[in-house]
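One chain, subunit A, links the two complexes that follow: it is found with subunit B in the first and with subunit C in the second.
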Partner chain A sequence: MSEFDAIVVGAGPAGASAASRMASSGLNVLLVERGDPPGSKNVSGGILWGQELSKLYPDWEKSAPLERFISNKVTGFLTDDSYIGIDFRTKKFEKEKTGYSVLRTKLDGWLAKKAKDAGSTVITGITVDGLAWNDKRVVGIKQGNDIITSDLVVLAEGANPRIAIGEGLRPPIGDHDVAIGIKQVVKLSEQVINERFNLRNGAGMAAEFSLGFLKNGVKAGGFLYTNKDTISAGVVIDIAGLRKDNSTYSFNIMDQFVSHPYIAPYLEGGQLQEYSAHLVCEGGIDYVPKLYGNGYMITGDSAGLSFSNGMVIQGMNYAIASGIAAADTAIRCKNSGSYDLDQIAYYDNLMKDSQAIKDMKNFRGISKVTWSPMVHEFIPKFAESVLNGMFYETGEPKKHLMEIALGSLKETGYDRKKLIIEGFRLMRKM
Partner chain B sequence: MNIEEKLSVLNYKTDPTYAHITVKPDLCEVCPDHFCTFACPASCYKLIDGKLNFKYEDCVECGTCFVACSHGSVNWTNPKGGQGIKYKLG
Partner chain C sequence: MVLEIVVMVKQVPDSQEVVIDPVTMNLNRSMTRNVTNRADENALEAALQIKDKVPANITIVSMGPPQAETTMIECLARGADRAVLVSDRAFGGADTYPTGLTVASAISKLDHFDIIIAGEESSDSSTGHVGPGVAEFLGIDQITYCSKIEFSDGRVTAERELEDGTEVVQCPTPVLVTMLLGSNFPRMQTLRRKIDATKKGIEVWNLEKLGLQPEWVGVRGSPTIVRRMQSIKERERAKKPVTLEAIPDMVKELYEKNILKVK
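So, the complex of A and B:
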């Protein structure tokens, strides 16, 4: 007889959602979090997209600690001298709110409280050392000399899953599986943020850039997200490129981004509240391990459930969705009285039909595009050159766009054959 | 602001009895790249007079060094008992 029906390791969006849903259905649940309080180890990559939380808490948009709803999406390129962006605002985003900026220490604290209110036992400040096994089946968790038993263990450890790797439930992390995320949260008043970004009534902006000013094959994206009275500014750095160069400090890329001539003014006068770093899952569907086994399920970032196609970045919503799917599987097991492998496999079936796995399958190999020299070197330089050709008034007769484009193409010095191959790949994958 | 100044705004509950990350000095001594010094966002790995110096106290627990070190020198565990980095915003 196990002490718990389920033990959940990690109280982030995946784990806290799983615990809450299971406890609401009457399961005896233990949620263990190493951070004290929950969320104190976690870093938001920015925006909580979608309506996953409404499945757990229909009133979440009123009660969860959200910063701003996203009314304005910016995607663009930064070069040494230029800012090139598409700045999209639409009333549709204001009417049907599709995403919110969040800060994780607040959000995860709220999620963990919800899990507790639903009836889970929540313990914080406890680091789980490993899993307890019996006859090739996970039967609980190990902490120090103690073993706590459960019929199921839900692993929701985040992007640096020590237990899943340590227990051989997933392969170790490679250069292409994750990127280095670094973030600074800068304090400004709500009013100043509204004025600088042209925002009103709780609306916010989410901006992502390809950092075309980086040299020697170092590649990174940059982001700016408006919170209520802070701005989250950060970078996501490709490890393979950084390794090959082996002369650029990751923290200097963060500095270069916030010092860029057209980013710095947004942050001017702001006080640094927090500096943080976190791995970002980038491996796509090929990095997703087997999601379940005898006595366990893997959820959220621990399972690599995160996605970026260069235009949208998703993670927290996938985490919540996978937590709900794991919970529904556990509830089904409990009701049927069987925790056999074929019952736990139900989780895999649910996930196969999920937006997360569908998106990731649909965009298999997208990181080859999002981290391509085309996106990080060619397009920023080419776009800058074309726009200069179009808008810079020289007093000489105007040229046709095609002529400008061909001239710009030459100016970038980019290999044409490579361009055709990468361009074709970009169109196909994106 | 340099990295040391940025780290100084953070809150840590440092565990003086347990280094949650350890490196193998014999491997680091002959390391051809010391990529850890470039990758670590908290500058915990520094080359001082050609010798690798590692400081777990500034670690923000991101896991980068575990991926960065391709020589098997980094042993990475989570701090115990709620210790280590304590973000207030996240």
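So, the complex of A and C:
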């Protein structure tokens, strides 16, 4: 007889959602989180896209600690001297809220409290060491000299899944599977943020940039998200490129981004409140391991469930969805009285039909595009050159766009054959 | 016979995160995380090390608001056996005198005690009064600022770090000992203990349980009040790169500016 029906390792969006759902169905649940309070070890940009939480808490948009709804999406390029962006605003986003900026210490604290209120035993400040096995079946978790037993273990460890890797449930992390995320939270007033970003009535902006000013093959994206009275500013850095260049450090890239001539004014006068770093899953569908086995399920980032195509970055919504799917599987097992492998396989069926897996399958290999020299070097330079050609008044006779474009193409010095291959790949994948 | 050890702990704002409100000059606690006072963790570890050798019961006693429960649970998860939180609105705003009285009366309500261990002082007010105060209210001996304690044959042997050496003091129980910050390495909490502690919960004792009069405790029982808090601005210091050749000139300059004096 196990002490718990289910043990959940990690109280992020995946783990806390799973624990909450299971506990509200009467399961005896233990939720263990190494951070104290929950969320203190977690970093996310972060925008929570989608409506996943409504499946757990119908009134979540009123009760969860959300910062601003996203009314405004910016996607762009930064070069040494220029800012090139598409600034998309639409009434549709204001009517049907599609995403909210969130701060994880607040959100994760709220989610963990919800899990506790639902009846889970929530333990914080303790790191689980590994899984307890009996006859090739997971029967609980190990911590120190103790074993805590359960019928099921839900792994929701996040982007650095030490247990899943250590127990051989998934391969170790490679350079192309993750990126380094660094984030600052800068405090300003609500009013100043509204004025600087042209926002009102709780609306917010989510901006992502390709950092075309980086040299030596180092590649990174930058982001700016508005919270209620803070701005989250950060970078996501390709590890493989960074490893090859010994002269650039990750924090240099962060410094360059926040001091860029067209980013710095947004943050000016603000007070640095947080500075954090974390791994970001980037491996795509090929990085997703087998999601279940005898006595366990893997959810959220620890299963590599995150999506990025350079313009949209998502993860928390997939985490919540996978947590709910794992919980529903556990509830089904409990009701049927069987925790056999074919019962746990139900989780895999649910996930196969999930938006997360569908999105990731659909965009298999996208990281080759999002981290391509084309996106990070060619497009920023080319666009800058074309726009300069179009808008810079020289007093000379004006040229046609095609002429400007061809000139700019030459100016970038980018290999044409490579351009055609990468361009074709970009159109196909993105 | 089982040795009864009491450990006094306090929940404090994490000193690394404390900010002073520039307007009110009060500590702004809303932004800070609450933690167990670090020296009290050393006190608990000292008790646990005694318990490693002889049969003992460790009771945690703390005075504080209800949220101090998290600190008590942490202490149980490290190895304490029982936790009593003395909590009542009437205790609010107490200075060190009624705090000592309140904690002492809670300890005297326990069936029995042999050794009381406290941290040298709390990181948020740094008075070091409450431990010695408790010993005085209870009328027992005290050994303060200890780096090490041992128990054998009904006696406590304690080492006190002095400026010019180490003093070894021996004392029969009952005795109160205060431990220096950093005097040992507190052991980790275990999940097993934390689950049990979380499920079991802690004991909360109020004014009535202690049988104290409201005018003896809290702000009413406090002979001192804090009139004003002031934050100190760090002075900008001049910096100059030093080269070997420039040293004589720099010394001369310091002398001329009356910073260095020659006898």
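The rule is simple: the second predicted complex is superposed on the first by the 430 of 430 C-alpha atoms of A that agree within 3 Å, B and C clash if a C-alpha of one lies under 4 Å from a C-alpha of the other, contacts with A are read in each partner's own complex, and residues count from 1 in each chain.
Definition applied: contacts are C-beta pairs under 8 Å (C-beta built on N, C-alpha and C of every residue); 3 or more make two chains touch, one makes a residue touch a chain.
Note that this is a predicted model, so its numbers are computed, not measured.
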Joint occupancy of subunit A by subunit B and subunit C, clash or fit: fit
Touching partner for A:A330 - first (subunit B), second (subunit C), both, neither: neither
Subunit B versus subunit C as contact partner of A:L272, first or second or both or neither: first
Touching partner for A:L291 - first (subunit B), second (subunit C), both, neither: neither
Touched partner set for A:A207, first subunit B, second subunit C, both or neither: neither
Subunit B versus subunit C, judged by how many residues of subunit A each one touches: B
Partner chain(s) touched by A:L242 [first = subunit B, second = subunit C, both, neither]: first
Partner chain(s) touched by A:G174 [first = subunit B, second = subunit C, both, neither]: first
Contacts of A:I126 with subunit B and subunit C, given as first, second, both or neither: both
Which of subunit B and subunit C A:M254 touches, first, second, both or neither: first
Superposed arrangement (fit on chain A Cα atoms) - minimum subunit B/subunit C Cα distance in Å: 5
Subunit C-contacting residues of subunit A that also contact subunit B: 40, 125-126
Complex interface listing, subunit A residues touching subunit C: 30, 32, 37, 40, 121-123, 125-126, 128, 141, 143-146, 148
Subunit A - residues contacting subunit B, complex: 34-36, 39-44, 103-108, 124-127, 159-160, 162, 173-175, 177-178, 180-182, 184-185, 230, 239, 242-243, 245-251, 254-255, 272-279
Touching residues on subunit C, where the partner in the complex is subunit A: 33, 74, 77, 188-192, 194-195, 198-199
Of all residues in subunit B, those that touch subunit A in their complex: 1, 3, 6-7, 9-10, 33, 35, 37-43, 60-64, 66-68, 70, 76-82, 84-90
